[in-house]
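The structures come next, written out as structure tokens.
Note that chain A is present in both complexes that follow, paired respectively with chain B and with chain C.
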Partner chain A sequence: MRVFTAVIAIAAGTLVLGGYFLPALAPVQTLLLNWATILAGVAVLVGIFNLVSVHSDKIRRHEKGNAYSALLLMALIVTFLFAMILRPDHIIMKIALSGIIIPVEAALMGLLTISLLYAAIRLLRRRAELMSIVFLITAALLILGSATLPFGNIPVIGTFIRPWITQVLALGGARGILIGVALGALTTGLRVLFGADRPYGGN
Partner chain B sequence: MNELIVILVSAFLLFAITLWKRKSPANLREIPALTRLYRTLGLSIEDGTRLHVSLGNGSLLDARGGSALAGLALLRHIAERTSVSDKPSVASAGDPTLGLLTQDTLQAGYQAAGVQELYVPTSGRVTGLSPFGYAAGAMSILQNENISANIIIGHFGPEAGLLIEASDRENMVLIGASDELSGQAVLFANTQDALIGEELFAAGAYLGAGASHIASLTLQDILRWFLILALLGGAAAKLIGVI
Partner chain C sequence: MVLSLDLITGLLSFVFTLFIFSYLIGDNPLFRIAVYIFVGVSSGYIASIAWWQVIWPRLINPLIFGSILEKGFMLVPLIGAILIFMKILPRMAGMARFAMAFMVGVGAAVTIYGAVAGTLIPQVLGTINIFDLLAASARNVSPIESIFNGSVILAGTIFTLIYFHFGARPKADGSMQRMRLIELFAWVGRIFIGITLGTVFAGVYAAALTAFIERIISIINFIGNFL
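Now for the complex of A and B:
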């Protein structure tokens, strides 16, 4: 069975990759990608069942934080039922999205801003080294250079240092990091294509 | 066609280097975060505490799949090593397809350790479908399930800060790597030893996942040198007016 799944995965991967370079394989590639999209949709349902099963277990075993699990399941069921009855594009469903989900995510973003500021303050205590100092000075210069002030940009910092850091130093560094990530992704993909790594069952 | 040539040459080199690395021992430079990860695995088994592997919300259907696959390769190794622990590892994902593969990978780890009967399907979880929703769900695992170390590896943006904050509050060992620049910046500022750039893809090789992982690192180095030479050659050619 393991060999069978590996053969299917390697064949599908090779056909999809080949479709980018050989026009004759393009229809097969499209077909396989469409199947993948459908399977990804089904995976959402499986993911929701997984979420329900994890939180039901927590409630049944009276684990720590089970009240939140109960709240999550109630919200899930109520939202699901309303969406089934009213359809997802109904005004009430849109209000649920824009009135609950978006503000909650915005609140988390606000919380994150505070925790990142606190982390920056603690950085030198956590790791007193040259790169930490460079990191903090760069962050401070960029914040000062981007600040909206009544008299406009701060001379030199806003007009020269900030653009130079973001468009020369940071851009060069970012490209270097992204090239490294791309090479890593390429070799990881090749390992999966060869069947050396099999995240789809069996070892 | 240039891309096809690069892929074919890379595939050939990976195959050849894998065969070579099976015979000769690997000589890897020290990466402090991965050394700490190796030690943490052993300690968590002795302590009877749990590891949490956060795989992020990288979808396997787009360009972020590479980091997700690297995270799964690490998870496979961690699952095998910690499956016999009193408190086996838990993994969370923010993408449904990644969630399915998380469960499959955990199960494969248990199979490899010969303790398949100990595998619990709910140890691989989908905690949310948006980046912040995922982080909020994973924070709940960190706070409530006797976790001693949080391993963040995959596609993470700034929301990684929330996971780091939750780990700090519980005094956990934290190891982090992301393929996203904003996520890497957050991890660098918040963790003791963050993995930067391609170091994310090196975890398997450092934990002894096999010759193909070590061969990947060698191949990355070869390709990196080619790119450096091409960039320098291009700059020189532009300078002297050839191109």
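Now for the complex of A and C:
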């Protein structure tokens, strides 16, 4: 069974990767990507079923905060049933989207304003070392430089320092980080294709 | 009808924004109610999207209304879907390995191609092209400025990559030590990483501040409609 799962992963990966370079394999690649999309959709449903079962268990065991779990399950079931019957693009579903999902996401994002500021102050108090000082000075300069003031941009900071930091200094660091991440992803992908890593449970 | 729907949307938006902002005075039941309802509604909505936009049109519809060939091709993902659903049953959860192996294999291939074609080649080309003096003069950038900025970007890229090089040799006392030159370059790399993360922080902070102001304005507008 372990060998069989590894063979499935290696064969599927090789065919999909080959499809990018060999036109003859492109139809097979499209078919396999379509199958993977379907399975990813099914995996989403299984994940949400897991969420339901975790919160159902909390309610059944009368654990602390089970009233919140009941609220979550009610909201989930009502939304799912409405969306299954009416379809997600129905006007009632737009209310759920524009009345609950988007405002809560925006408000949580807004809360970050306070928590990020608090985190920055804590960083300076607890780890006043070179990297954190460079980090905070850069952030402060960029926020100051991008602030819209009644008299326009702050001279030098807004017109010279901010563009130079974002377009030159930060670009160099970001490029190094991106190339590092890509090399890591490439290595991990190759290890899976060679069967050295088997995160699907094949040991 | 449209007006009442707008009112319901505005009211829900107002109430949920206030509940979330109540976190500013500390963790409280109103914040938790809003977050749990948000998770429930989002999960239900995502589940319906997964059904109506993926599973129904790509799997169920071809299985019911497709040609015999299409039905044959869809048998494989149907079996895969059944295997993934077996994860729900603890005794049968191991059967999902076959479908997971397929998804991991496809994901690895897409990741490899994405890393090479989407990141490595464009980033390396981007670093090289800054030294293209003809292109720089076409953009009205002086050759000296272009070479200087290109050198700083190239140095930043290399020093940042060196920072993540953790190869070390054992010293006489048994402790591990990186080469001195590598240590020096890694120290410069730390500064570039600090600047990059500071830039990301400033960007996220600006986005969060924009969202915060937008929510405050929406609260003021909603109250203003009733005054």
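In this text, the second predicted complex is superposed on the first by the 203 of 203 C-alpha atoms of A that agree within 3 Å, B and C clash if a C-alpha of one lies under 4 Å from a C-alpha of the other, contacts with A are read in each partner's own complex, and residues count from 1 in each chain.
We adopt the following convention: a contact is a pair of C-beta atoms (placed from the backbone, for glycine too) under 8 Å apart; a residue touches a chain by one contact, two chains touch by 3 or more.
Computed from a predicted structure; not experimentally measured.
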item	value
Touching partner for A:T37 - first (chain B), second (chain C), both, neither	both
Superposed model, chain A: greater residue contact from chain B or chain C	C
Touching partner for A:R127 - first (chain B), second (chain C), both, neither	first
A:G176 touches, of chain B and chain C: first, second, both or neither?	both
Contacts of A:L51 with chain B and chain C, given as first, second, both or neither	both
Partner chain in contact with A:T159 - chain B first, chain C second, else both or neither	neither
First, second, both or neither for A:G189, with chain B first and chain C second	both
Touched partner set for A:K64, first chain B, second chain C, both or neither	first
Chain A residues contacted in one complex by chain B, in the other by chain C	17, 20, 36-37, 39-40, 43-46, 48, 50-51, 53, 65, 68, 104-105, 108-109, 111-112, 116, 120, 135, 174, 176-181, 183, 185-186, 188-190, 192-193, 198-202
Chain A residues touching chain C - in the complex, by the definition given at the top	1, 4-6, 8-17, 20, 31-46, 48-51, 53, 65, 68-69, 71-81, 83-84, 87-88, 91, 93-114, 116-117, 120, 130-139, 142-143, 146, 165-183, 185-186, 188-190, 192-193, 198-202
Chain A partner contacts - residues on chain B that touch it in the complex	1, 3-4, 7, 10-11, 14-15, 18, 59, 61, 63, 65-67, 69-70, 72-73, 76, 96-97, 99-101, 103-105, 107-109, 111-112, 121-122, 124-127, 129-130, 132-133, 135-137, 140, 143-144, 158-159, 161-162, 164-165, 179, 181, 184, 186, 188-190, 192, 196-198, 200-202, 204, 210, 212-213, 216, 219-220, 223-224, 227
Footprint of chain B on chain A - complex, ascending	17, 20-21, 36-37, 39-40, 43-48, 50-51, 53-54, 57, 63-65, 68, 104-105, 108-109, 111-112, 115-116, 119-120, 123, 126-127, 135, 174, 176-181, 183-194, 196-203
Interface residues, chain C side, partner chain A - complex	5, 8-13, 16-17, 20-21, 23-24, 32-55, 58-59, 73, 76-77, 80-81, 84-85, 87-88, 94, 97-120, 123-124, 126-127, 149, 152-161, 163-164, 189-199, 201-209, 211-216, 218
